[in-house]
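By letter and in written order, the chains are A, B and C; residue numbering begins at 1 in each of them.
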């Protein structure tokens, strides 16, 4: 298992976020280095998803900036996104495409095209053997989540993973698999940010935690 | 990057094939609207011949607008749009690929069926190609301009009606020049000037509209 | 004078409050003078009689309608480029005034058309472009009204306004071309055979009056928008307490 080359650190500088009338958080600072895990905690509506979307560059912070390797991600754009894997609230799956097709499209868009064999391997790893060629529409909620997370098994070269509630709708076995995937990725030198309600057991060189209610 | 663009086009076409009823709805809408005009203005062949290009063009405008809603909405709903925003390809290129696919799905069928509809109006057969060509050049412009509107109204309540308010005034030049092409051909002036103008509009819109739509998408998905 | 000082709503609000009444007064004076010039001083037209006098409102209104779209797009573009809050507010504040002048130009054009052409509406190139301009204004306002988040509303409106600005010349020329194809050149509103100097002065004075009115109206509306959007902030609270 080789280390990922050229990892950078993700730095949040004085982030403020106001959505509508509500101030979600203010003056948030953190630095996430290679191999570190950041868990964002907080009740529903405390701004966890907003923070993740800001870290991805999907949402512009009301004030402050996010830096990747010292450069503002709004400047880097595709250069940053090429190194990022984001699994959001939505599974980003097309109902009319099969699990394999969905992953094929997702990987190609991310700039790392994968062969059908690799995709099949990733799906099997998440316990979806036999579902490769079923349209996503017939899969259960938990199975769709697994398809979305199978992208992780296909993105071992990405130095930054940002996962929004990755364990939602998963059964115990699948949670175990995904935790293993994250731990492996951390040991490879990637940085991972996630939100979760579960007390996840993931071994990491350093585990940071941000509690959004506290800020 | 080309692989990603090919993949986007292939994906959208594949989705359209698996949901072919959507494609057919737009086409049927076009046919029905055009067929309503003789019922409204009377079956006088001389009148129908004169209004044919205008009617077909207006109907094509409305039909392609009807299809616009779907350009980004379903991708927005299931989250795949977010993945495109975070893709390794510049968003403007991805959007251009999506617009191309959208045109093949919703614009090209209109172009192909238009000669048949024109014959219903007893439109002179020797000028059919001018009408068809004008639609072939014009409908991609409609998809390009429409993409900006579709991106701006993404996820808003009453997006459909709002979209038509935003986009229809911007369609005016395409309508005038497009319908003018067949008119000019019939009146003996030849439609080449209009077709060239439509081509120029297509190049202009093709160069700028995808980027404007990309900016609009980023704004709408915040 | 440091202009950037006034780029935040908090400092711009009192300035706008001070300036708006003055521009209002100026507008009233110049409009009164312009109307006097137009209705009493300018000579009766040999061909059109007194009916032509509507151009003292129609032409300046048409100028303003187009110019205000540019002003709106300028503010919108500024807001999009520099992410300033005030620019978006100014763009939204200008839009209704622009729509008002567009409507006024259409209405007076129609009033002028009845005695001159014998019909309320003619698909004249200018009138048609003006009608499309009105739709563009409506589109801008409808889009902003449909979006709840003011930041998104500003940015989305800005994209639309800029796309509109690029399109306006194309629309204008295509409509003009369409017009010449379908009917012979019609009598143009501004091509009065001989424009007496007093007529020109009257129109210029009216144009200034409309200018001042637009500034006063835009500043006043911008003040309302500022209060509404910044209602959670401290300075609005202070203002509310002081004026209560």
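The criterion applied here is as follows: contacts are C-beta pairs under 8 Å (C-beta built on N, C-alpha and C of every residue); 3 or more make two chains touch, one makes a residue touch a chain.
This one's a predicted model, so the numbers in the text were calculated from it and none came from an experiment.
S.K.: Pick the chain whose C-alpha centre of mass, unweighted, sits closest to the average of all protein C-alpha coordinates shown.
M.R.: It is chain B that sits nearest the middle.
S.K.: From the C-alpha centres, identify the chain that is farthest from chain A.
M.R.: The most remote chain is C.
S.K.: What is the distance in Å between the mean C-alpha positions of chain A and chain C?
M.R.: Averaging C-alpha atoms per chain gives centres 49 Å apart.
S.K.: Determine the centre-to-centre distance between chain B and chain C, using the mean Cα coordinates as centres, and give it in whole Å.
M.R.: The separation of the two C-alpha centroids amounts to 32 Å.
S.K.: Roughly how far is chain A from chain B, going centre to centre by Cα mean, in whole Å?
M.R.: Computed from C-alpha means, the inter-chain centre distance equals 37 Å.
S.K.: Hunt down the residues of chain A that sit against at least two other chains at once, touch-wise.
M.R.: Where chain A is concerned, no single residue meets two or more other chains.
S.K.: Of all residues in chain C, which are in touch with two or more distinct other chains?
M.R.: As it turns out, chain C has residues touching two or more other chains at 149.
S.K.: Going by the touch rule set out above, which residues of chain B reach two or more other chains?
M.R.: Those would be 222.
S.K.: Flag every residue of chain C that touches chain B in the complex, lowest number first.
M.R.: Touch residues, chain C against chain B: 132, 135-136, 138-139, 142-143, 146-147, 149, 151-152, 155-156, 159-160, 162-164, 166-167, 170-171, 174-175, 177-178, 181.
S.K.: In the complex, go through chain C and note every residue touching chain A.
M.R.: For this pair, the touching residues of chain C are 148-149, 232.
S.K.: Using the touch definition from the top, list the residues of chain B that touch chain A in their complex.
M.R.: Residues in contact with chain A: 3-4, 7-8, 11, 14-15, 18-19, 77-80, 82-90, 94, 221-222.
S.K.: Which residues of chain A touch chain C once you look at their complex with the stated criterion?
M.R.: Touch list, chain A to chain C: 19-21.
S.K.: Which residues of chain B touch chain C in the complex?
M.R.: 145, 148, 152-153, 156-159, 162, 165-166, 168-170, 172-173, 176-177, 180, 183-184, 201, 208, 212, 215-216, 219-220, 222
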